[in-house]
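Two complexes, one shared chain (chain A), two partners (chain B, chain C).
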Partner chain A sequence: MIICRCEEVLLRDIITSIENGAETLKAIKMETRAGMGICQGRTCRVLLEQAIAPYTDITIQETNNIMYKNPVRPISLANLSRSGKDSSQ
Partner chain B sequence: METADVVIIGGGVIGTSIAYRLAGNHKVILIEKGEIGAGTSGSCDKAIFLQSKKPGFPIKLAQASRMVYENLEEELGMKIEFQKNGGMIVIENESHLDFMRKFVKQQNKAGINVKLVDQKEALAFQPCLSPEIVGATYSTEDAEVNPLLLTQAFAEAAKRKGIIIRTHTAVTDIVTKDGRVIGVQTNKGRIETELVINAAGPFAPKIAEMVGVGLPIIPRRGVILISEKVKPMVHGNILCSQYIATKHLSNNTDAPSYGIGLSLGQTESGNVLIGGSREFKGYDKAVEPEVLTAIAMHARRIAPFLDSIRIIRTMAGFRPFTSDGLPIISETPNMKGFIIAAGHEGDGIALAPITGLLVASLVNKDLKYKDFLDPLKFDRFNAIHASPKQG
Partner chain C sequence: MKYDLVIIGAGPAGMCAAIQAASNGARVALVDENPVPGGKLRGQVYKEPKSDWWIGEKIVRSMESKIKQLGVTCFLEREVWGIYPKWKVMLNNGEQLESDFVLIATGAAEKAIPIPGWTTPGVMAIGAAQVLANIQRVKPGNRVAIIGIDALSLTIAYDLKMAGVNVVGIYLPPLNAFSLEKSNPLKMIAYLSSLSHLAPNPMLKLLGKLGQIESVQKLGVNYYPPFGMKVWGIPLHLRKAVVEIIGNEAVEEIVVAAVDQNGQLGRKQEKRIPVDCACISGGLYPLVELANAAGCESVYIEELGGHIPLYNEELETTQSGIFVAGNSTGIEGAKVAMAQGELVGTVISIRLGFVEGGPELIKKAKEKVNLERENAVIKFHPGLENGRAKLERLSRIRE
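Right, the complex of A and B next:
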């Protein structure tokens, strides 16, 4: 079963990572690349949380330690360079 | 009560490299407050630059570390995406040309194989660059590695050799008695130990405070943009001469806003890493959008072919800055059993392999690396706190 489509990470990969000691979304992400693709977890995050829950003693809130970061949506480099107020560079 | 010969504080690339080198001969516990390699080591670029280092001792140290990389993948038994694709420093305008000519001469004298190439040669090798550039320097000695995999590989290899790694465990106090360390208190219990290694990177000063020591290490925030996966378009790593000017000319007066200097590379999976900024902002991770804009503007001026690639994420990391650009790898005067291994700023990935060996040598008191350790001693800083220049 595919959990993260962007990076093609299977449920099996997630379970292996948990068996190797990963306890949180961040640990799993860094090991398997789940959530590192173009959707940045917008699609797979909920699936990931649910996938971990049965395998660990900790709650979904506790495993949920991935920060939301800019940009909120993919943006081209050209558009990003035009987006701010500072144009002194 | 739990006991250990050595407690390493910090599970970044430095702490795990040290753990790996101590494994087998000592009972070691590594304490990490978050995840392995998720702090500074997980929010940096992937370059192992040699040509950008200062001549003299910094180059010798970097070369020694670079040598260890040659067989590291094999030694650790895990893929770390070590590649020898060379590195380039782009010269954007004429005014940097004289400085960079001198720079190349000086690096050649120091034993680094680097040459000046003109605009045509630079573009032939690196088609993503702007035809507006003046030229570039190129060195085949620069290499690259995946910092996430590197840290995980050190950690896994250390675990296989018997090191205990505790993540999500924060050090709350270091217990001392008569000027020596006797234990480490964490939020999950106390460990009796006579030797603590402070490998907490930008947080090393907070750990040192627990034994009453002021460390001249300051967090310097660096931001990097990450693109979607794209076909290979960046060969090796690219810096710009602005970065070198900022790094090597202490009296550089036209420092750019947010300390912007290009660092460009592409991961094996296809993501382009576009850096970066260098700012003193304390431990504040909330990056102003203006910083992202400034990084994007600077990058597309030098590499306009990146215009259409989409940025999917940004990362902010704190680099442990010291005023002389070198880490502190040293015992602590007046506090027995407290070794410092921090302050690598932007060279943590480049210097991690040698740092592990140096600290192991300190712990084993074998004097094998005396020539490297002497210049990295803590007491080279006379003042308690360095005074950083903004930028």
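Right, the complex of A and C next:
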């Protein structure tokens, strides 16, 4: 069963990752690429929090320690390089 | 460009804040990713318990014309990808909006409940079905199954029925790590009973009454008819779960299995039902990514939908100048969102020195939020009051 649609990561990939020692959402993300696709975890982040809870000591309450980082939405490199340059009116 | 206030999200909260601040004289920028403002309010249509119809589209149109009159600068079809100190709001076309005050009114996203086959084309979140039917005026399918029982899915089942869709049934999700209480028939009966008798459609109203009697709660589950109970011509199944969604290019069938009163699968045979669309309702969670990335502290309060930015009575986050309103503060209805937007618009107008008599105006705006909360026709989470009390406690500790 797919958990991360963007990167096509299966529930069993995530469980295997946890069984191999991944203890945090970040570790799972780094190993499986879950949450690293175009939607940046908007669908699977909540699911990953739920999936990891029974296997680790991390409660869902603490998972917000994993910070979101800019850019929170996809942006082209061309537009990113223009950012801020047209603000000098 | 420099503004007095930049608002991210032109839903009910964002629009109301824009109107409030602009009518006090503030220069306001309003950003939304959609081509038209209104957010999910545009999909809401229901009969008010004591008065007329609540037609979201109409309310949006009148707010839109006010926004134009007041000269609010709208940035539509623009996504905000970050907020930098203090404060620069970055748009995805490279533009940058500067302001001392930012309102994050980005609303909520839907929680998925993974079921084998849930990524097949034709499977969608329940909110997407509402957008299709009520806003785009397109049927999401001809034979639609709904998976997940809650205020939102029951309301949208009714909307779909009204749109001429054959809703083949409302089912439980299967018991797994993601469905939790939503797969439990006993918990669902208790949940149905908690739905207010003021609920805005006949389906919710009837269900609310049914569940209220405790003996019915127990009997209802044990002797629940295997063919479901028809409410408004839609079979509601409290003892059946959709265990798989089947289809190659698109959804063709759902696989349905009987469950016991705790949601465990029985040994009975599974049944296949042909459908061309399946809608999954896993509930809503506040979108907090921008607030979090801007350094706002967040807290986890299940009753409010999960992780939310910590905010005070004036809806300001722990980053001074960044405010939240609407579903970003916790999952509640549009009327609460609108009152919260007005409150933020008022608070910021006072801080900017545009209006006098601050404390009295703020008190009034706060009272309006509380009044809308008390009169709300649907409480998305039965423990909402509890969740709000937790938040207020955490906010006081922080201060």
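By definition in this document, the second predicted complex is superposed on the first by the 78 of 89 C-alpha atoms of A that agree within 3 Å, B and C clash if a C-alpha of one lies under 4 Å from a C-alpha of the other, contacts with A are read in each partner's own complex, and residues count from 1 in each chain.
The definition used in the following text is that a residue touches a chain if its C-beta (ideal position, glycine included) is under 8 Å from a C-beta of that chain, and two chains touch if they have at least 3 such contacts.
Note that this is a predicted model, so its numbers are computed, not measured.
Undergrad: Should chain B and chain C be called a clash or a fit once both complexes are overlaid on chain A?
TA: fit
Undergrad: Could you look at A:V46 and tell me whether it touches chain B, chain C, both or neither (first, second, both, neither)?
TA: A:V46: touches chain C, not chain B.
Undergrad: Of chain B and chain C, which one contacts the greater number of residues in chain A?
TA: Between chain B and chain C, C touches the greater number of residues in chain A.
Undergrad: To make sure I follow: the centres are taken over C-alpha atoms, the vertex is chain A, the ends are chain B and chain C. What is that angle to the nearest 10 degrees?
TA: Taking the centre of chain A as apex, the angle works out to 150 degrees.
Undergrad: Where does A:I38 make contact in the superposed view: on chain B (first), on chain C (second), on both, or on neither?
TA: first
Undergrad: So, does A:P71 touch the first partner chain B, the second partner chain C, both, or neither?
TA: The answer is both, since A:P71 touches chain B and chain C.
Undergrad: Could you tell me if A:M30 is touching chain B, chain C, both of them or neither one (first, second, both, neither)?
TA: Only chain B; A:M30 stays clear of chain C.
Undergrad: How far apart, in Å, are the nearest Cα atoms of chain B and chain C after the overlay?
TA: 7
Undergrad: Using the superposition on chain A as set up above, list the residues of chain A that contact both chain B and chain C.
TA: Comparing the two interfaces on chain A, one with chain B and one with chain C, the shared residues are 40, 69-71, 74-76, 78, 80-87, 89.
Undergrad: Give every residue of chain A touching chain C within the complex, in rising order.
TA: Those residues of chain A that touch chain C are 1-3, 5, 11, 40, 42-44, 46-47, 50-51, 53-54, 60-61, 63-64, 67-76, 78-87, 89.
Undergrad: Can you check the complex and tell me which residues of chain A touch chain B?
TA: Within the complex, chain A touches chain B at residues 21, 23-24, 26-27, 30-31, 33, 37-38, 40, 65, 69-71, 74-78, 80-89.
Undergrad: Using the touch definition from the top, list the residues of chain B that touch chain A in their complex.
TA: 34-38, 42, 148, 152, 167-168, 225, 227-229, 256-257, 260, 269, 274, 287, 289-290, 292-294, 296-300, 306-315
Undergrad: Taking the touch rule as given, give the residues of chain C at its contact with chain A in the complex, in rising order.
TA: Against chain A, chain C makes touches at 1, 79-84, 88, 90, 92-96, 98, 109, 111-112, 114-116, 118-119, 177-178, 180, 285, 288-290, 292-293, 298-300, 306-307.
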